[in-house]
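Down below are the structures I want you to see.
In the two complexes that follow, subunit A is the common piece, with subunit B as its partner first and subunit C second.
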Partner chain A sequence: MAILEKRRLWLAALIAAAILFPLFVANGYYVHMMTISFIWMIAVYGLNLFAGYTGYLSLAHAGFFAIGAYALGILTVKAGWPFWLAFAAACLLTTLIGVFVGLVALRTKEHFFAIYTLCVGYIIYLIIDKWDSLTGGVRGFIGIPAPADIGPLSFQTPAAQYYLVLFFLLVVVWIMHRLVYSLTGRTYIAIRNSEELALTLGISTMKNKLASFVLSVFFTSLAGALYASFIRFLGPDIAYVSVMFDFLTYLLVGGIGTLAGPVVGTLLVTFLSQQLQFLQDYRMLIFGPVLTLLIIFYPHGIAGGIIRLKAKRGEARRLQLEARQASAELAAASRQERSERYAKEG
Partner chain B sequence: MELFIQQLLNGLTVGSVYSLVALGLTLVYGILHIPNFAHGALYMMGGYVTLTAMTKLGMPYGLAIVASMAAVGLLGVLMERLVFYPLRNAPPLHDKIAAIGILLFLEAFAQFVWGADYQTMPTPYGDVVTVFGFTLTIQRILIIASAVIIMILLYLFLKKTFIGASIIAMAQNREGANLVGINTNKVAMLTFFLSGSLAALAASLASPINLVFPGMGHLVILKAFVIIILGGMGSIPGAIVGGYILGFSESLGATYVSNDYKDIIAFAILVIILTVKPNGLFAKEGR
Partner chain C sequence: MFLRVERLTKRFGGLLAVNDVTFSIEQGKINAIIGPNGAGKSTFFNLISGLHRPTSGTITFKGRDITRLPANERAKLGIARTFQTTHLFEQATVMDNVIIGHRLRTSSNLFDAILRTKRHRREEQACKEKAMEVLDFVGLTDVADRMVANLSQEQKKRAAFALALATDPELVLLDEPAAGINPDETEGLEELIVNMVQRGLTVCLIEHKMSMIMKIADRIMVLNYGEKIAEGTPEEVKNNEAVIQAYLGGSAIA
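Right after this comes the complex of A and B.
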């Protein structure tokens, strides 16, 4: 119970820090960077749900991110829909595409699934790149409006946009938290650990995998739509493999299959990227090997590592306690034996 | 009719390149069951090494190809030793992520060393000849001929030599191969060497027709994956046949359907195959 309380306290402190951040940091650039990181985090949570908890590596998520972003752009600019309607429609549309992709892709397993989704991601990229009249092709897509006002709330200033994205991030984290500790979440983990076993236990793996996949696509499309309304310029690059790789790096550095992982990893890697900005296009010279080394030597990431460390320490403490108890019992027994012997000898 | 046959010849050229790349991929998959996403990067490195050997070191085309095959083969061995060997007992997710890490590293590396520009590779075989009324460059004939020769050599190597047989043995049953005294580590390294060399050869042959640039491996590797799914993961004849099927359907599709979307044909084929048969065509049933 005490541990739970402590965790709540930490969480409250973190949220408070996130809320106070734009008030104390006057530098607009940092607020911008934080907002972008939050958007990435939402997408990484999507990836985490499916790769981390359900155990399937989908390489099409950058594509879904791009569909969400482009759908918002096209619906607001070309179709002239009101912003929030377009926002909801963009997420729904992407999720719907996710359902169809999932229905087919999830018939495949492991390597086939990775290759299949890689190809799906590439098809999405090619379509965005080639369909000039709709997406603007390589020239990009400009003029996406900022989020429209909701009643008295206006999202024109960077700080307001920061809070909007933070709000969505917190909602996503909350959903993930509720999900992971629910029976459904346990079911996903069971599928990750062994699909055959889950099937034998009477779990409908297809239904669960599809639900997990669709929800993960939904999170990613949400991030995409937020990205479009925040950056307000889109290029086909956002559907590209390198974006997928960024997501994976954030997830792995933070800890795949952990709740804190996406936040920790995204913050750390974006911060480091800022420091390494002089490398520009060559940053993969460092991040490529870092990712590879990480997966070889430290596959649990930072959050996963801490959880493991804690578990180990908890185990050690438990063992120590047990040992102390046992020795105390032993001592008591021998004392009793001795006193009985003394009593007998008189 | 003439256009049709011209396109068939085109398909034969493209298919030869695809087959060579897919062969390397399928060899590695057969042995280690790793979908090597970094294979496209090996292809790209092959193109650059040949180009550098020709322009900077002044080697003739043929010698440059041999040097490139050796260099990229060693790069493959290095990859196996440093990355895939330590990951041999890890969950399958890890291999794939590690391979993507290597891919992006090698691409950044190529961009760092050679720049992001598109470069042309000179070839001594650029002349045009007319055979039975069809015009084609000697380079294309060279591609087709050397691909066929290499495939025959590879086949003979795998079927007729002891080392080749040990590769096949390991693909069939890793523990079994180990039990009868095959050094599986050496075989794995050799397979990666072959795989890298084949990729380098394919890149060196195709570059004078296409171009050399850091992203040149992307489409090729994706198509190679389509091919080995088409032909059965780990199957060598499947990789060859699949490569030519894709080559033909692309060149015919580019002429008769749409040139802009010809790259999608491969993926459309894949999507259809996996929709109907989730384990790929010719998947081995039961193990």
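Right after this comes the complex of A and C.
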């Protein structure tokens, strides 16, 4: 229980820090960077749900991110829909596309799934890039409105947008938290662990994989729609493979299949790449080896590494305790034996 | 008739893994399948549990044709199984592994999980209670909070049993339960299997440890090159010419 309390305290402190951040950091650039990081985090949570907890590496998620973003842009600018209606429609539309992609893609397994979704992602990129009349092609898509007011809440200032994105991030984390510790989350983890075993335990793996995939696409499309309304300019690059691998890097560094992973990884990698900006493209010379070492020695990322270390320590402590108890019992038994012997010998 | 397999055949390309096997599993008994390596025993199990589709033949369970039923539906009907390698999630506790075993008897979905509805809480509790019950039955209550990675091979086997039992099965298929464990531990597992049958379950197992099979099995089927070469009580099978030939090769007359 003490551990749970401590975790709750940590979480509260973290949320408080996130809320106070724009009040104490006067530099608008940092607020902007943080908002963007939050958007990436939401997308990475989407990826984490499916790759981390269900065990299928989807490489189409940058594509879904872009569909969410472009759908919002097209619906607000070209169709003239009210912002929040377009926002909801963009997420739903992407999710629907996710259902169809999932139905086909989930017939494949393991690396075939990864390759298949990589292709899906690339096709999405090509469509956005070539469909000039709809997406603006390489010239990009401009003029996307900022989030519309909700009653007295206005999202015109960077700080207000920061809070809006933070709100969505917290909702996503909350849903993930609920999910992971539920029967449904356990079902996903069982599928990740062994699909054959899950099947023989009576779990409909296809149905569960599809549900997990679709929710994961939904999270990513949400991030895409937020991105569009925050940056307000879109280029086909956001669907490109490099964005996909950015997501994957954040997830792997932070810890795949952990709740804290997406936050830790995204913050760390974006911060580091900011600090190393002066090296320009040479910063990859530092990034590459660091990432390689991390994956060799901490295959479960930073958060995963910490969890494992704690578990190991707990286990060691338990064994030590058991050994101590056993030796105490042994000593007591031999003492008793000795006293009985003395009593007999009189 | 409890489970009946009629003229079952499974072909992998040119390989005839199971060839025209007719066999029935008797309710409330320990049914054993033996045979040399590569005889098609595991394929036979995969056909019964639904991981493979037969090329031809039928499988009926309690009077119902289940030949085309997917594995998860068969589990719901009451057919559970374990694997040679336990397939457990090593980085989680025994309890966490076993809880999911009762999932097929629950119906809460994604939304129940997110909204934490009454149904979800009730079912979660039921799964936990079931897990405690089966862990108690297999004798792992003490290590329920341990990580599976830190268990002995025998404890892992018992955990796999618990997981299968948590599905509320009527028939349990055990694929080489005693592989990789020492003679003392094997005796413990024998006891556990006998206990399961005494509780009203039906067991069908594949095993290479002859002493164990001869001791606990009520009926034995012998497979060789995918074909049934003998069937009967341990005594009958032990003295069967074809069986001795299959195991030792050549003529058995010495």
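In this text, the second predicted complex is superposed on the first by the 328 of 346 C-alpha atoms of A that agree within 3 Å, B and C clash if a C-alpha of one lies under 4 Å from a C-alpha of the other, contacts with A are read in each partner's own complex, and residues count from 1 in each chain.
Rule of thumb we're sticking to: contacts are C-beta pairs under 8 Å (C-beta built on N, C-alpha and C of every residue); 3 or more make two chains touch, one makes a residue touch a chain.
None of the values given here were measured: they were computed from a predicted structure.
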item: First, second, both or neither for A:L85, with subunit B first and subunit C second; value: neither
item: Subunit B versus subunit C as contact partner of A:A17, first or second or both or neither; value: neither
item: Comparison of subunit B and subunit C by subunit A residues contacted; value: B
item: Touching partner for A:S194 - first (subunit B), second (subunit C), both, neither; value: second
item: Subunit B versus subunit C as contact partner of A:G202, first or second or both or neither; value: second
item: First (subunit B), second (subunit C), both or neither touched by A:I115; value: first
item: First (subunit B), second (subunit C), both or neither touched by A:F287; value: first
item: Subunit A contact footprint on subunit B (complex, rising order); value: 33, 35, 37, 83, 86-87, 90, 92-94, 96-98, 100-109, 111-112, 116, 218, 222, 225-226, 229, 233, 260-261, 263-264, 267, 270-271, 274-275, 278-280
item: Subunit C residues touching subunit A - in the complex, by the definition given at the top; value: 49-51, 70-73, 75-76, 80-81, 83, 87-89, 91-92, 96, 99-101, 103-104, 106, 108-110, 112-114, 116, 120, 123-124, 127, 146-147, 150, 163, 167
item: Of subunit A, residues touching subunit C in the complex; value: 175, 178-179, 182-187, 189-190, 193-194, 196-205, 211, 215, 308, 311, 315
item: Subunit B-touching residues of subunit A, taken from the complex the two chains share; value: 51, 55, 57, 104-105, 107-112, 114-116, 118-120, 122-123, 126-127, 130, 241-242, 245, 248, 252, 281-285, 287-292, 295-296, 299
